[in-house]
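Next come two complexes built around subunit A: one with subunit B, the other with subunit C.
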Partner chain A sequence: MDTPLLALALFLILLQSGLALWWPPGRGFPWTFGTAGVLLLAAGLHRWLLEAPGQQLSLSGLYLALLGLLYLALGPYLRDYLSHQDSAQAKLNAATIPLFALSMVAALLVPPGYSLVFAWEAMALLGYLLIAWGEPGAQTGARWFLLSSRLSGAGVLLMVVALSLIERGSASLWPLVFVGALVGFGVKAAIFPLSLWLTRAHPVAPSPISALLSGGMTKLGLYGLLLATTFQTKPPEWMGWTLVLLGLAGAVYAPVRGLAEQDYKAVLAYSSVENLNLMLAGAGALMLTQDLRFLAALVFLQLSHAAYKGLLFLGSAILPAREIGRLGGLWKRAPVTAGLTLFASVAAASLPPLAGFLGEWLLFLSFLGAKGLLALSAGMVALAGVLASVLYLRAFGLTFLGSARSEAVDRGLEAGPGMRLGMSLLATFLMTISLFPAFFLPKGISVPLLPQFALFAGLLVLLTLLVWWLKKLQHRSYGTWDCGYTSLEPVMQPSPLGYSEQVLRLFPFVSLRSVPSVGVLDPLEQAYRLVSALYQNLASAFQRLQSGSIHLYLLLQFLALLVVLAVAL
Partner chain B sequence: MSAVLLLLLAPLFTGCLKWVKARLQNRQGPGPLIDYFNLLKLAQKSYIVPETASAVFLLGPSLSFLGAVLAATMLPVFPGLSFTGDFLLVLYLLNLGRFFQALAALDSGSAFGGQGSYRESLVAVLTEPGTILALSAVALSSQELSLASLAPLSAQNLLVYALALAALLLSLVAEGARMPVDDPATHLELTMIHEAQLLDHSGPLLALYELASGVKMLSYLALASLLLPLSHVLAFLLMVVLGLAGLAIIETYGVRLRYLRLPDLLTYNTLAGILAMLGVVLRFRI
Partner chain C sequence: MAILATGFLMVGRRSLTALVRFYALQNVLLAGLAFALSEEGHLVFAGVVLLVLKGVLIPFFLLALLKRLAVSHEVESYLSIPLSLLFGGALVAVGFRAGKAFALPGAALPEAVPVAISLILLGMLSMATRKKAVTQVLGFLALENGVFLLALSETQGLPLFIEIGVALDAFAAVVLAGILIRRIKQIFGHLDTARMQELKG
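Entry: the complex of A and B
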């Protein structure tokens, strides 16, 4: 039943892309943009809920639904967003975004063969273009994205080649398949030491692209890893342990590093790395234990992450500046966006009663149910959880609450109606999975869940009553308590680095420096610099071969011929 | 049921604490019922909203209170709601309250509110992993991951329970903002942690915060009381009396720790949690 739906969705997406080239986006931009999202969501959920669990068909359904959701929200959002861009650029974006979505959908629909490599590379190329067309400073970030995509593409290619060789009878290549999958899909899902690209590329991308990248594309890495587990009856243990260890390390490193970050969108990007690494750890533990609760945890973590991170990135478009230190008090200027962002932040801080917590709760319980030292991972999950909540406390509190730290805030405007509609769609979905989580699990996965409906509805009703009562009471507006000092300035509020400085002291792997300018010392970045210096040296050493001297080239050709002859004879 | 008990008992607990402290310090002091009157007085007052404040300003006290009350409903002091993994929900509902309390502190746009907010964050980062690990270890050693069905104290789980008790009591002083982590009696804004966040909340909002913090302390005592080899109600009452005495003595004879030295104390919480968990996983016995 889902095939015609999917075919129609793909047709609509293609049509949209073609249409955008001659229909100037903006005011008259057709509302049909997101319609394909509904079809994808329906077809994906149908596949995920009704096909036999654990196979590619059902797995891809989950991710199709997730992409459909994001695409649906992007429809009305882009209508407003693109109307602010100049016509040529808006056309280009409006034509490319559907193609980017199409390439991601294609990666989900094809079997793990050479067609997957093509879809994967198309996704990388289109993603790169969309980032690079953004703001003037986006080039570096876009190159980071492209570089990581090269690595990821190489991994996927290795996996596919090894798989096709195995089909011809060389069974000894199985480890290569899993190495390829680990690199190829792991890098896309920002596995820990290879996560720097995400935090460089996502902040500079235009907001809707960040939402699509963070909410959608990175999940395809997880899809690939889960897909790789279906190749053999039991995936190798080393792969599971690698994912668990790197995932847990990343889940603690990323929020700490995010606390040292002053750019709002970079904070969101680091939080994405944290979430993804937590999911990777869950996926690794799933491979080790085959406990279906891990899979259920992954479902809720991913669905809610797609919704709240999409929403947060979409909301970040209204910020008049990206540096948190120049923001503050945006709630007054954009109450709807701020309210939706707060809702998403609560989910992102994995607090009850939202689905983000449900996922984390399942992750806790399944780690506690695991045998041996794996149970200790619960502590790391707890640490990652509390750090994430501080991260969002800081990001949301300093950006939207208090008073404005610079004049830039005066330029802040509420998002347009289409943008608000797009964000509300994501918030509605988040609410739906929080209220009815059982609906999103197929019959094959039956795990005990929290009494979400009672909890959420109860809290909402009580909260409404309490706030209504408080509002009814007598109150008046007055100045903030300033301890008798009568001129309270906005700069007296905590600065972004001041807020996190003391938490950062606890984690020696990230430290702040104040000389010569305020900055962050991050050993991961230093390691990257070292690797790139090594690579540069190597490259310049090899460059001597390219001297331009015909004699050297002839000699090389002769040597190559000798080698070929030696091998052939 | 448990929530009602904790709600009713919370002002008595904080009132008694003030009363016992006053007696230990050779002062007359207010009577043990002072906090009931205090809350009644606060509830009747009108309140002030700072000019910078947004809707979050009211959400802070409301969710702080509701989070604590909802968490209390899941405590098995009296038999009530119980399911697998309820202890995590209890802790995270308390976190929900803290999250909004720290947000509301930032909302007023004051220097002190912000200061309180990030200090509270530090305390949270220091205590939370230990608390979760400790309770998880206790639940794992009972092989039932719910609070109502924790195994009674025995020779097999003595070590785990002792470590978990240590972790929970440290969390009590940290999360309840008592000495040596925070001084509830200080009048100097610069030294405050918990109180600094409440500076701009007055009248009924302050009443909600006070009530929430009382319920929160009692919740931690109730969690700790589950480790005692007595019936739940009896253990809870005993724990409340012990907690009262302990806190009063610490706050009379002890001093507050310098804020930057907090990690030195609260690392023991994390350490106890990790050791308790290792004790379960590797089956350590005394």
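Entry: the complex of A and C
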């Protein structure tokens, strides 16, 4: 029943890619992308709500809806965004973005076989191109993305090959399937030690691409992991535990590391890593316990994450500079974007009563109710939530409030009407899922939901009272405490690292250094450096074999033949 | 056995012209074997092609090449002759040990399989240890003969086209190698591959 809807949506996206080649960049996007988004949202929700939960059809429905939501918002957004760009490059982007969008949808629609590998690789390649075409310095980040995609692609291929061999009767290969799924989909979902690529690639991508990558593509990794659980009646225990442990480690590490970050989009990327790792931990617990409450938590976490992280990344397009230390006071220049960003930040900081909080709350409750050691995870979930709040308080406060820290802010402009519409659509969806969470759960899953309306009403009343009380207070301004300064300068505002230094002291695994220049000491980055140095050494050791002497080459072949003979006997 | 002896002599002789002659003799013997094994018509044909092409044409071509380039007739090697012979003996032992396991159930001539493998190994040995480009070509040709002998002894006769293809292939390889050797001589003034070590990344 939903096939025509999906076919029409795919056709529209493809049509846009073709049209973009001769239309001026950005034209047509609201209609094609917007309609395709609505269709995908409808078809996806239909699948998710009506098919039997836990199977591929229903799972892919959830993610189709999620992608549909992002495409719907990107339609009007891209029209404004692309028309402001250099036209040749914008044209190329306008033709490639629909293809990227198409490959993500394709990855959801195909069964787990070689066609999945194809869609997965197409997604990786197009994503790489879109990042690399961004700002001049984007090459390094794009290469990080490509490198991680290679790893991910290899994992998926391993899984598919093992699956096809199992179909022919070698049942001992099941562990390989799950190892492949863990690596292939885990890397895409930024599982903890392999998460560095996300924080390198997403900040340098153009804003709509970051939104698509962070809101959409990373979720496909989770889709894959959940899909892998449907292969057997019960996935292996070690896989669940790996996901839970790595996920929780990442969920605490990422926000702390994000607090030591000075780049606004990198902060958002670290927050994505935190959210994704929480979801991975939830997925792992779901595999261990088969408790559908974890699935419900995942639903809210993912849908709200797609909406608020999409919104935050889309909003970051108006920033005149990426370094928080050069921003400040943007609220006055772009009130609408700032307001929407504030709303998304509140959701992202998992403050009640928005859907971000609902997801974390359900995850917390489910962990608390789990048997054995798993219950201990609840503490980590709570800690991650608190850290996320600090992260967003810092990112939003230093960027949008206060006064400008450099002249760059003077170039800041409000987003165009299409961009504002796109962001508002995401905000509306966020509000909808916050107010009517029960609608987004299929029949099979019942969880204790909060009385959302009462909560909203109560908070609204409290807020009105507070405003009224603050207005009533008499205040006067005088210079008692200005300590001899005649005026306050923008440089007197807290600096991004100074602001978080206190919190960072509590978590000694990430430390700041001031000599020779201000920077961050990150054990994960050091480990990566070590691995890359080892690899370089190994490679140059192998290169010594290439001496240039024909005789040595012939001798090596000769020895290889002898070894093969010896093995064969 | 005689084929193996020619292979051994190829390792053991110092003179280049003698090497080419032994190669020719090896080919003639191989052709004779092909005739002896021929039950069907096409092995005869293959034997004739082998005899003409490899027994006569290639050796003459190589000898003419050697004369024209005025290469010294000394074989230069990393290993001394006795040491090469010693290694050759060890390789033949390996070949016989491996050859026993390699003989397929339906083989036409299972006794020849160890010989073929020994020939391949000896060819590789002379390719790896000899310094001059010409000797490497000869080593390659001996190796190729080993492959041919293996095919002859293991199967009930390959399809005609494949055999002719293989023979022509070897001929083309020799012609190409001849041109290459002439160019090397022209450009570098010598044929010592041990002195060519510049090409590397």
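Annotations for the structure displayed:
Following the convention adopted for this analysis, the second predicted complex is superposed on the first by the 508 of 569 C-alpha atoms of A that agree within 3 Å, B and C clash if a C-alpha of one lies under 4 Å from a C-alpha of the other, contacts with A are read in each partner's own complex, and residues count from 1 in each chain.
Just so we're on the same page, contacts are C-beta pairs under 8 Å (C-beta built on N, C-alpha and C of every residue); 3 or more make two chains touch, one makes a residue touch a chain.
Predicted model only: the values in this text are computed from it and were never measured.
In the superposed model, A:568 makes contact with subunit C only, not with subunit B. Look at A:208: by the touch rule set out above, it reaches neither subunit B nor subunit C. For subunit A, the partner touching the most residues, choosing from subunit B and subunit C, is B. By the touch criterion defined above, A:75 lies against neither subunit B nor subunit C after alignment on the C-alpha atoms of chain A.
When the shared chain is aligned, subunit C comes close enough to touch A:546, but subunit B does not. Residue contacts after overlaying the shared chain place A:390 against subunit B, while subunit C stays out of touching range.
Contact with subunit B, but none with subunit C, is seen for A:376 once the two complexes are overlaid on the shared chain. In the superposition on chain A, A:557 contacts subunit C only, with no contact to subunit B. Once the two complexes are overlaid on chain A, none of the subunit A residues touched by subunit B in the first is touched by subunit C in the second. The touching residues of subunit A, counted against subunit C in their complex, run 543, 546-551, 554-555, 557-558, 561-562, 565, 568-569.
Residues 46-52, 54-56, 58-59, 61-63, 65-66, 70, 83-85, 88-89, 92-93, 95-96, 99, 102-103, 106-115, 117-119, 121-122, 124-126, 128-129, 132-133, 136, 139-140, 145, 189, 199-200, 203-205, 208, 260, 263, 273-274, 277-278, 280-281 of subunit B touch subunit A in their complex.
Interface of subunit C with subunit A (complex): residues 78, 94, 97-98, 101, 117, 120-121, 124-125, 127-129, 131, 136, 193-194, 196-201. By the touch criterion given at the top, residues 328-329, 331-332, 335, 338-339, 342, 346, 349-352, 357, 361, 364-365, 368, 372-373, 375-376, 378-379, 382-383, 385-387, 389-390, 393-394, 396-398, 400-403, 448, 450-451, 455, 458-459, 462-463, 466-467, 470-471, 473-483, 488, 490, 492-494, 498-500, 502-503, 505-506 of subunit A touch subunit B in their complex.
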